[in-house]
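Chain nomenclature is as follows: A, B and C, assigned in order of appearance, with residue numbering initiated at 1 for each chain independently.
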């Protein structure tokens, strides 16, 4: 544990305390590194059979505006690891509430809440804004004395970013490479891929482009014309690359992106502009418009069914690791034709599951850093305490 | 902690042990004061960063016959504070089960249950009766050896009373006043208010009238003709007032009730007689009758849309504190015209959230008193144990 | 505690560690006895006010493909007793997923999972097979390093067996008799009984026949022609009886089965062949076929409405104990005519609730034996630790 604690001490994490984790690009390099470090430390504690509970009691609130087994279990796992009990708040898929309702709900669910995980990725311009409303209300509630503690917000996926996913993806690569410094100069292809379904969020490609450019990677974003991500995020990726000595480039050829890549991340998403239009249609309650848009988008998708990650494409990479946030649309398995060929997926299964396994630790690390005033000291204490997770 | 413990010791709480909390008017003044005292003590523990867990393990069962984010989170928070894990039993909004089914369910959910919180406010004559059936079955199960412990029942809202709400409301006033003795002589206006929705329970006005008359307050109940609460509860309020040296009066003018009031509690509810009729219609499965009644009641409501708590009404009070159990129907915010004007609500927001924040502590105190044989000793033990809620 | 620990030590439980509990007939006599022993020990701990927590943190996952208050609460109680937090995964009543999806889900829900309880009894040939897929995937995930621990699977009811029910039933009889050796020579009538509903699983009669023949009991299976259970299970029961010195016989007369019985277990189930047909119809999505089959089966049932456990039938037994897994179809109470007469049920209520009360302890014992390398030592440790479950 000492190695994690001393590495953590070398980083400036002072601004993490009592703070939220909403967007990776709001965080300093030190803060991101601290999340990786604490996630590794928590995993090491668990592997050695020790309890990582820092909470004797307390609630972790999950606020999902979309069904999600995976994210739900990752958040529940993270909370459990630290000693929080999960309480779910399901608000349905309705358009996001505003103002009075958000303020009130934020306080009413936070009486014993140490952490609130929110997933709200359905509507462009809404999800992250909603999180900030909740965060602001929780701050006011704390200052006013309604709440005895300020719950930490963790963005479990919004319209802009998917920080717990991208951080878990990075953790996986870093672990395989043996260190964050080894990401430098590695090429990652974040590419669109064909799916017979519709309306997948933009948060994964956006999160990956914005995060991987932080570490000196060569990030190539590839998609057919018309599948653009948000221009603001491209700007962030460019600026990051410049600063870190990496690069951010774009192409409309999947093969070009794959050439010489160390990592490939082929995944379907919906065009930003269509998602923006869709948000507007929902706002107006225009169900005919929504149906028409869906039809249009599926037709548009079907013109690009050749964007499938198969073994011939993998062959042009530098023996790349195949990444995915799961579940993938696997050709001949979960659909007739999808994002990835069955043989490519099959060969990567173990790696993909490991990739996913970093998420609970990443989420727990985000909460840990917001709650422990002296996180390095807390890690040392957990180790010195030596409490077994299971009675022997 | 010593001040709470010694004050608690001065009260006779012997009858709280292994007992339920179903109606405030079944409790002695000492027992009510003990709830306030323990609630304050638990809050103080939390504020000083100490764990208030009295349970190493055990379940808190929530049994709701109505959707409820607020009550659900209050109960979950109370359970978590004391160390219980919540397990929800959602029975839907169907008419209440009886006899064999209740007996059986009560036992089947109680194997590790330390507390059962029930909300059942939909049908006059049913909710509290159902709680008693569950309580009785749990008692028998305990005596028969099916259960290793007798779970404590907490009424989270029924057809007669809303004890956790009214006790939280009182806690808020007592805290602001600096002591329960200061409630004496204060005037509280419990008034009906207009809402565009229909069929709100009677439990809040009934609970407030029955409780606030216990402490020597001058309670004025105001509503338009036809919006009577249950006559049994009015009788209880009258008897309480006589005993405590307070008063209980009625008026059909909102303004008259507000005049010189220290507290106002304007809130919509459905007429008792209409609710009784509605219960009958549900029992008979008469859906046409239910629809007709709903239409009739909405029409009746609309004749009283002037029953809105606005600044001109607030002006006739003695700078009264505005109380509400939330969520309120706020004119121009959650509805076109509702219970309260937006400016009145807005000025009171912080106070309202604080009012709500007492509920988890009140619920926890009720459970605490039913589980700790020597509650004052238990408070001292918690303080002496000094277990931090978060690892430092 | 010492008596349980030393008796446990005399049994070979080495194969329980890190293993699952899917079918009683896969377990040795020693392993079954160990479950009874640990269940009793855990109950004794609780009765003496001591904590039986062996987990500091960790998740228990419930994966139900059918609604179930009873089983849900039994599993939640077992998890809570040992210190696990429950996380539910509701997959709906859809046909069971296969292959990739199962593998992936098994890993994604297991990051912090110590135990997974699965109920999947809807389709012949599917439920137990599904559990094995999950178990295999969890094993691979553990070996691959995706998971830090191998979660233990507990069969909470499948198409073949209902081991937690049958073990709880046996626990109840053993407790009443004062020892497992006293089961020898006792006659138990596992009989079909009439129900106005349709499609009840076969897992209870199959589980009872397969388990009770292990202990030298005389097991008589009775049902009308056409209500056969799976022939494989009958073969298991026969082989068990031969080995244990008990017997397994069949009759198509309820009365004959009841004659001289020490225990009667009258319960409705659907014919195995009809269930097999039904599974096929669901697989083909043949909803007309499903409806036709349902009609046919209800008509078939109605020819046997005389298969009701009433006092005249009870009179031919040796003052038998009436067993049921609950909820029972009680004539004149939960239906016009059902499995059991109201007076017979009423006299047995206390016994039936006690029977059910063994299930949480049996489930906890199964998890305990899979998690404690030295289970006898762990029991001694729990006793020596002396941690009170409630602060005194």
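What we mean here is this: a residue touches a chain if its C-beta (ideal position, glycine included) is under 8 Å from a C-beta of that chain, and two chains touch if they have at least 3 such contacts.
In this text, all values refer to a predicted model and were calculated from it rather than measured experimentally.
It takes 120 degrees of rotation, in steps of 5, to superpose the Cα atoms of subunit B onto those of subunit C.
Looking at which positions face the partner, subunit A and subunit B present mostly different ones, since fewer than half of the interface numbers are shared. Here the spacing of subunit A and subunit B, counted between their Cα centres, is 41 Å. For subunit B, residues that reach two or more other chains under the stated contact definition are 53, 85.
Against subunit A, in their complex, subunit B makes its touches with residues 43, 46-47, 51-53, 69-70, 72-74, 76-77, 80-81, 83, 85-86, 326-327, 330, 333-334, 345, 349-350, 353-354, 356-357, 360, 387-392. By the touch rule above, subunit C contacts subunit A in their complex via residues 53-59, 85, 87, 89, 99-101, 103-105, 107-109, 111-112, 114, 141, 144-148, 371-374, 378, 381-382.
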